[in-house]
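See structure below.
Think of it as A, B, C and D in the order they're written, each chain with its own count starting at 1.
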Amino acid sequence: MTPSSASRYTYLGPEGTFTEAALRTLPEAATRDLVPMVSVPAAFDAVRNGEAGGSFAAIENSVEGGVSATLDELATGAPLMIYREVLLPISFALLVRPGTALGDVKTVTGHPVAQPQVRNWLAAHLPHAHWESAASNADGARLVQEGRYDGAFAGEFAAARYHLEPLVSEIHDTVNAQTRFVLVGQPGRPAAPTGADKTSAVVWLGDDRPGALLELLQEFSVRGVNLMRIESRPTGGGLGRYCFSIDAEGHITDRRVGDALMGLKRICPKVRFLGSYPRADEVRPQVRPGTTDAEFTEASEWLGRALDGRI
Amino acid sequence: MTPSSASRYTYLGPEGTFTEAALRTLPEAATRDLVPMVSVPAAFDAVRNGEAGGSFAAIENSVEGGVSATLDELATGAPLMIYREVLLPISFALLVRPGTALGDVKTVTGHPVAQPQVRNWLAAHLPHAHWESAASNADGARLVQEGRYDGAFAGEFAAARYHLEPLVSEIHDTVNAQTRFVLVGQPGRPAAPTGADKTSAVVWLGDDRPGALLELLQEFSVRGVNLMRIESRPTGGGLGRYCFSIDAEGHITDRRVGDALMGLKRICPKVRFLGSYPRADEVRPQVRPGTTDAEFTEASEWLGRALDGRI
Amino acid sequence: MTPSSASRYTYLGPEGTFTEAALRTLPEAATRDLVPMVSVPAAFDAVRNGEAGGSFAAIENSVEGGVSATLDELATGAPLMIYREVLLPISFALLVRPGTALGDVKTVTGHPVAQPQVRNWLAAHLPHAHWESAASNADGARLVQEGRYDGAFAGEFAAARYHLEPLVSEIHDTVNAQTRFVLVGQPGRPAAPTGADKTSAVVWLGDDRPGALLELLQEFSVRGVNLMRIESRPTGGGLGRYCFSIDAEGHITDRRVGDALMGLKRICPKVRFLGSYPRADEVRPQVRPGTTDAEFTEASEWLGRALDGRI
Amino acid sequence: MTPSSASRYTYLGPEGTFTEAALRTLPEAATRDLVPMVSVPAAFDAVRNGEAGGSFAAIENSVEGGVSATLDELATGAPLMIYREVLLPISFALLVRPGTALGDVKTVTGHPVAQPQVRNWLAAHLPHAHWESAASNADGARLVQEGRYDGAFAGEFAAARYHLEPLVSEIHDTVNAQTRFVLVGQPGRPAAPTGADKTSAVVWLGDDRPGALLELLQEFSVRGVNLMRIESRPTGGGLGRYCFSIDAEGHITDRRVGDALMGLKRICPKVRFLGSYPRADEVRPQVRPGTTDAEFTEASEWLGRALDGRI
């Protein structure tokens, strides 16, 4: 990777999306070359190919759920690792060409995932407006600029870029709607633990093993590791074949987490470690008695003594 | 509901989609009025409002995973129940205007979920073709008819409707790709058990209960009920708040299934029963010793005797 | 059973033992004919044969553990049920013939289970005294009366009967030593629940089923029923073949307890219900959310509605 | 320890018991000085004090269950370790003075644990004989020699020592009755694994932790380690306070066993390792996929690579 490619971060474009806004909250973004890409696979492949040092994409939305493209790109292809996460509250502005009044808005557009978040607002304020989906919120803004639609739901920050005005701001049917984004890079040593960390992995279960998911969860629970997210994804091997994308509390260097991951590795046909990184919410886990690093170390030493007969 | 509305089945349109093709595999479809709708919510609301007797939509795809719109519509709003499922193998045809040769195809379209299933084929046969997504596969066909694109990936059955020709057939990157569809209706008595049945439900877990998912699974495992699918969906209450959409082997009238559902009902803040219906694959479950209806009945009788001191 | 035999209670004799002392704490004992028997089997068989209305025996000691004879008699033969339990603090007196001084005591006796409870006291106060076991504490007292030994460890209440004197009282190496006794009778309807009840059972596990004990415990834990005691007993079928004698919190009429018992009945080759009866310590259990009778009833009603499609 | 004390093995005497017979099945017994002791504590204390190199005692009987004295001596006091186990089929002979006929036998004796194994035989053949318990089977033989009783139930091997004759042999109500004996020594490095090994430990559970036993079992089950025996013993801290004496399949050097022991060590207030030693029955365990040493090693290496980002 050249110095210039290392300083390049790709993201799911176009410019003006929430993804770009989230990416810009990273301090280092100021010194990076931020390059919009047409798809998550394209954005991530740039990292795989050494053309970029990192890539940034939404992975989960509190209204719409997991972002399949991101989850699937992380689960397959050359391995990547997550190094950072960003949470962004999602609210929309209705962007219009300057001079447009609310009563003039007959057609609106936006990314399909925007629709459920503005549906109620539309029903209340523009019940007769016709919705058509755009490829992205920013693309919707562009189409308004071009005159194809009267209004676009997008982040307020997108207005300037497309010479539009926010007619209404802070539109969000669901309070606390958030999107979670991740910064991925080529595999490397995880960031040092902060005490408020998260570990992500993808786990494949053996075929036709009823109870395999229960066993997976028990590898965590027996070591006091809480799961924060578990999402099934099809493996592509047919209906009923799933892998699970999981986020667990803690860092891979926490003994309880490393031990649980090794348990998964042993019982599952395939495990892909996706990284340990600081939690954006900075919440520190409650560690159950018996699962601290000190207790793991003490137990190892005890076993060592027992193996020597020094009990 | 009027007789005419009872005989109306809505589905996620437009005409010419895989959904319509799957719906037409139901024997009763021949005598129903099949009405395409613009969205899953619209299709299901027609049933809720009494304007249709049933509605049909994809719920899961072996490549793309759960269909969020369907899962979320079933989880929220006025209750509906699933009465039937249909499995449809998914393969695409490249539809073109008559006379188009492969070398003429510069732009292609299709539903976003079609893309990952034709990506490899495109890379191999049309590496320079430009893809743009359409709102549906059928919509893509229409856009080809209108001349906006050179080719559309859609079901071969859509060709005639849009005066197109299948240039290539049986395109599917993933062997065994299947989509599962469900027929929903207003809540009612489930169909009689066939011996090869499936039970669907949505289960909300209490907030901030680490281990709640494990407890959910144990309610099934302790009674020998296998889970066939489990999918997390956000509740809309913020990141980290999920409900789970599940399919379990067996029928609600199977004692082990009814008992497990009651267990969920007791430990979870909310459970929504979505129906028991015949499995499309007609696979009969292996019932673990100790979990047959006869054994449940025997245990009940034993308890009755013990309560009377007749041991 | 004749009226006179119904009013007869047998117990493990001879007279003057802790068993008799514990039995006399029952209010009804005042109006019963209390008959000492030579063995637990003999005492219990009198109930089985209709010669007695009840029988009383120790089942557990906080120092020595379970009383095998009682556990095994309850597990085999014609069924009996437990109707009452009594806790008796155990402390010993050193009984001697009148006029004996501590320095005169060269030989001491008592029941084998008394020895570990007086061992430290002996080492401190009579380090050179020779211990020989007697068939019972009372029998030891009789042997002192006959001059065979100089001192007997027994309950202080036994002194008068054998014309002995308590030379030292309140001897007990272990603070809080207690013995638990049970009153058994022919099977009948359990006493009404008091809110602080205990349920006893014997459970056989299938041969060669690793994990069968875990499954047994899960039938309780999944329904929030705490186990208070679990004791393995050989089945007589060879080493490695065990049954388990268990005490669970709650009454068989508590839905969570009845449900757990039915679970055992289904998964185990044999379950013997031994009764539900008031806890001597009158401690009321903490009932986990989701396991109250009201929640069981509510879940049943919910299932009933689901079966009818009234969701 | 002097060479002479190292070559001394104590056992629960007197001579002529099954314990001595079992001890003599050990090849090394031929070169050891076998010393009968009056009690299990005395026999084990000789090892603790360096007066003996080993001690031998029964720990479990397929009819009577665990031998409390042995279990409790292993659980408390200065630590000891088990190095060997011996299984001995138990059948009794009725030993009489020469010339005694069956019709002459009016009084019989034997160890209390012998009684349930000869009860049926007595009922059938000597229904009127009076039983009194002796301190040991060998002691009973001595009392017959002294003329106190007419017959003693003991091992046939005891006849010669007490100048008695076996009047009837092979008496055992229960087919396959066996006693398991253990050879204990001062703590030291366990014997090398044979592939058919057993690991013993005593585990204390935290007070008032409902579900603590379930957690204990899960530490084993999640790592595929089968429990062969689990026996509750009172801790002496009052009714309801137990520790558990357990035998698990496998050797402490098996990764799955060592890992499970460390899990116990972490979650339990106290664990005492009692040794890993060859199974007398030489049965090799079925090792569940995912729990072999190779898989543990592979998982450790995988974790090491993940910590370095080499995924």
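Rule of thumb we're sticking to: a contact is a pair of C-beta atoms (placed from the backbone, for glycine too) under 8 Å apart; a residue touches a chain by one contact, two chains touch by 3 or more.
Because the structure is a prediction, the values reported are computed rather than measured.
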Per the touch definition, the chains contacting both subunit A and subunit D are none
Subunit A and subunit B have mean C-alpha positions lying a whole-number Å distance apart equal to 25
Which integer distance in Å separates the CA centroid of subunit B from that of subunit C?
57
Would you mind pulling out the distance in Å between where the CA atoms of subunit A average out and where those of subunit C do?
59
Hunt down the residues of subunit A that sit against at least two other chains at once, touch-wise.
218
Which two-chain combinations qualify as touching?
A-B, A-D, B-C, C-D
Hey, which residues of subunit B end up touching subunit A in the complex?
60-66, 68, 72, 87, 116, 132-133, 135, 174, 176-178, 180, 210-211, 213-214, 217-218, 221, 226-234, 236-242
What residues of subunit B sit close enough to touch subunit C in their complex?
79, 81, 187-190, 215, 218-219, 222-223, 252-253, 258, 261-263, 265-267, 271-273, 289-291, 295-296, 298-300, 302-303, 306-311
